[in-house]
Amino acid sequence: MSKRAGFLLWALLVGIIALSLFVPWGDLGALFATDSDLAFAVLVELRLPRTLLALIYGAMLAAAGAAVQALFANPLASPDLTGTTSGAALGAVVTAYLIGLSSPIALSIGAVAGALGALLLLLALAGPRAETATLLLAGLAISALAGALTTLALALAPSPFAFYDAYDWLMGSLVDRSLAQSAFAGLPAAAAILLLLRLAKPLDALALGEEVAESMGHDISRLRLRIVCLTALGVGACVAVCGAIGFVGLVAPIFARRLTGGHPGRAIWPAALIGALLLAAADLAVRAAPLGRTLPIGVVTALLGAPFFLSLVANMRWRIAR
Amino acid sequence: MIRARDVALPGRLEPLSLDIEEGRLVCLVGPNGSGKTSLLHAFAGIGAPAGEVEIAGVALRGVPLAQRTRLLSFLPASREMSWPLVARDVVALGGATRAQAKAAIDALELGPLAGRRIDRLSTGERSRVLIARALAPEPAVLLLDEPTANLDPLWQLKLMAMLHGRTAMVAMHDLDAAAAHADRLIVMDRGRVAADGPPNTVMAGPVIAAVFGIEKEGGRWRPLSPSAGPRSLP
Amino acid sequence: MRAFAFVSAISLILAGTSQAAPRRVASLNLCTDELLLLLADPRQIVSVTHLSRQEAETPLWRQARRHAANDGSLLAAARHRPDLVLTMGGGGRDRLRIAARLGMSTLDLPFAASLDDVERSVRSVAAALGRGAAGETVVARMRSLRRSAPPRALDAIWLGGGGRTVAAGGLEAQWMRLAGLTQRPMRGDRVSLEQLAVRPPAILLRSDYRQGQYSGAQRWLRHPLAGAAGRARTLPTDGRRWTCMGPLLIDEITRLRRELTP
C-alpha cells in the first residue's frame, strides 16, 4: 500500500468518526450548555458505542473477508456469502430465544458456535479450494438455511415480540447499543483482526499455490483452521450484538487488493480500514435517511454492495467466455 | 547435499532412501503417474511425508521458515495463479531479497515483462516468471516439476544450462533432454525407483523399454510391439 | 360511516336461528376474547383463543382457562358447535359466508380507533350476547372516566420495547389523555435513547409487556439511558391492557390517575 493511499484512508476514517460522533449537533449542543454531564453521557454511552461498533464490525467483516478470499483463492468468498454471518445469527437467536440464555456472554458463545458450524459445513460441502460455483452454491445454501432457521426460531420464541427482532438479526442494526455491548463485540473482534494480520505472510505465499506454500514450510491445514476459528470468533461476537450485515466483507478486500498490487495476504490490513470506513459510512446514511424510520443497515450495505457483486460476476463470466 | 531416509507418501511413493551430492543435476523420468511429482513433493515436505530429509546437514522438519527458503525451492507443474499479481511481485514472493529477485528477473530476461500482470502473460512467459521465483532465493537445492514444459527450444536449453552445476532434482518427460543434461538419471515406476545412475548406463539398460514400453530404433523412439507391452521389472 | 359498518356487521349475524340469547359462543381473537370474558355469563362461552389463556397476554387469563382453546381459525371453533362466533377486523367476507353456511352467526368487530368505537364494541357484543345490562355498566364506567378527565395534561411518552411508542392521535393517546397525559408526537412512532436523554418527557409511561422474556426490544429497555437518565418520572403500566385498548384499560387509567395525583 502506497503512503498516499494509506494517508487518504486514515484521513477519511478520522473524518467519518467525527461525523459519526458529532452529527446532528443541535439538541446535544444545547444540552451541553445546561447539563454537560448528561450530554457527555449521551456522547459516550450512545454515540460512541455506535461509532465503535460500526468501525470494528466493518473492520472485522473485511479482514475476515480478505483472509477467507485468500484462503479459498477466490475473490467471491466472504463471511456473508459463505453463510458465516447467517450461521452466527442463528446461533445467537437459538441461544437467546429458545434456550433462554440472554446474557451477553451466552449470546456471543452461541453466535461463535453458529459461525463455526457454518464454516465447517462449508469446508465439508465445498472442499478446501473450491471452484467459484461450488463455493457460492454451498454458501448460498448455508445462508438460506440459516436464515430460514433463524426466522423459524424467532417465530417459535415464547415472546411474540421476538419475531420483530428478525429484521435486526437478518439485516443488522447498530442502533442504541450500550458501551458494554460494544466491548463484548469489539474486544474479540479486535483480537481476531490482530491475529489475522499475522497470517498475511502465509496467505501471500498461498498465492503461489498450496504446494509451494507448503514447501516453504507453511502448514496449510493449520492455517485454514486458524482462519476459520478467528473468523468465527470475531464475526460471531459482532453478530451477537449487531446481527448479520452483508457485502462489506466482500467489497472491502477487493478494493484493498488494488492497494496491495493484488497481494491477498497483505490486503488484510487495508481491507480492515476500508471495511471500517464502509460500515461507518453506511451507518451515517442510515441516520440521514429522510424516512422517519430506522432503515436496517444491511439494506444500505446491500444497496451499495449488490451492484458491485453483480458487476464482479458479470466480469468473471466475460473473462471465462473470452 | 541431500540426504533422504525412508521418505514415503502413503499410497503414492514407496519408502526410499537417497543421497545426492552437491552440484549434481538429477533428472527424474517416468511414465504418467509413476511418482516423479510425488518424489519431489516428499522431498519438499508437501503432503505430510514420512521419513527424514536433510539438506546441507540440516533436517528439514521443524526448520525455521526463513532458513527453509535458503535450503530449498519447489516449482509445481501448474502454471496457474489465483491472483493477478505483477510478475515482479511474484518473483519476490518466494522469500528472496530485493537484489536476489532483481538478479533472477535479469537471468530469465524478464525485465520487459516485470511490470505486467501474470494472468496477462503467455503460458511460456508465466513459466519463466515462476522459475525465476524458484531460483531467486538462491536455495541450496532446487526441486522442479517439469520446468521445461511450455518453454520454447532456446529457453529449454538456456534453462538446463542455468541449472548445470546446481544441486537440483528435475522431473521431465523428454528422455533425450534428460539424458543429455543430467549428471544422474532416476527412472520412476509405480511409486518406486526403477533405475538410478549415470544417464548413459541407465539409457543403455533394459529399464527404459520395460518401464515406458518404447525403444529407440535408428535414433527415433517408437512403441514396442504390442505383444511385448510395458512389463514390470524382475 | 363507522356506525354504518357496525349496523351491517350486526345485521349479518342474525342470519342465525333464535332471537333468544346464544348459548354457545366462541371467540377467534384476543380482543373479542376480552370482551366476551368481560360481558358474557361464563356458561355461554365454549371457546376462546389460546392467547387469552396466557398470563403474559391478558389479565383475564384465569377466566379464559376455564374454556376450551382455539387457534383463531373457524375450523378450530367449529368443533365446539358454537351458535355465535366473535371475530375482529374481518378476515374476509368469505369467512362470514362460510360461518353462515355452517349454521353459525358471526359478529365481526372493526378495529377501534376512538373511545366511541370502544363503547360501540362493548354495546354490540353485549347486545349479541343478550347481556345488554352488563354492557351498559361498562359503558357507564367509561363515560364517567371520560367526564372526569383532568383539565390539564402532562407531556408524556408511552414506551414499549425497542423504543416503540404510540401515535399522538391514536386510541392509546386518547386513553392516556383520560389519565392526564399527552403523548408527544414522535417520528415513525419510535423514540431513540438519545431523544429520551436529550429531551425527556415529564412522564415516561413504560409498558411491562413480556418483561421477563428475551427480545431485542427488552434488551433495549435495559440500556442505562432507557430511563431518560432519571430526568423523567417513569410510571410502569400493565402492557397487556394496551394490546386491545378496550375496557380493560378503565381500571389501569384509574390507577394511573391515582399515581399522578400529588
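Per-chain numbering from 1; labels A, B and C assigned in written order.
In this text, a contact is a pair of C-beta atoms (placed from the backbone, for glycine too) under 8 Å apart; a residue touches a chain by one contact, two chains touch by 3 or more.
All values reported here derive from a predicted model rather than from experimental measurement.
Chemist: What is the shape of the graph in which nodes denote protein chains and edges denote touching chain pairs (line, ring, star, complete, other)?
Modeler: Looks like a simple chain-to-chain line, open at both ends.
Chemist: Taking all protein C-alpha atoms shown, work out their mean, then name the chain whose own C-alpha mean is nearest to it.
Modeler: Located nearest the centre of all protein C-alpha atoms is chain A.
Chemist: Roughly how far is chain A from chain C, going centre to centre by Cα mean, in whole Å?
Modeler: Inter-chain centre distance comes to 42 Å.
Chemist: How far is the middle of chain B from the middle of chain C, if each middle is the mean of its Cα atoms, in Å?
Modeler: So the centroids are 83 Å from each other.
Chemist: Spell out, as numbers or ranges, the residues of chain B touching 2 or more other chains.
Modeler: none
Chemist: Please output the residues of chain A touching chain C within their complex, sorted ascending.
Modeler: So the residues of chain A in touch with chain C come to 27-28, 31, 38-39, 41-42, 45-47, 96-97, 100, 102, 157-162, 164-165, 168-169, 173, 175-176, 178, 291-294.
Chemist: Once bound in the complex, which stretches of chain C touch chain A?
Modeler: Chain C residues touching chain A: 56, 161-163, 187-188, 190, 192-194, 197-199, 209-210, 213-220, 223-225, 229, 231.
Chemist: Considering the complex alone, what residue numbers of chain B touch chain A?
Modeler: Going through chain B, the ones touching chain A are 41, 44-47, 63-65, 68-69, 72-76, 78, 80-86, 89-90, 93-95, 117, 130, 133, 143.
Chemist: For the complex, give me every residue of chain A touching chain B.
Modeler: Per the touch definition, chain A meets chain B at residues 73-74, 204-205, 207-209, 211-212, 214-218, 257, 261-264.
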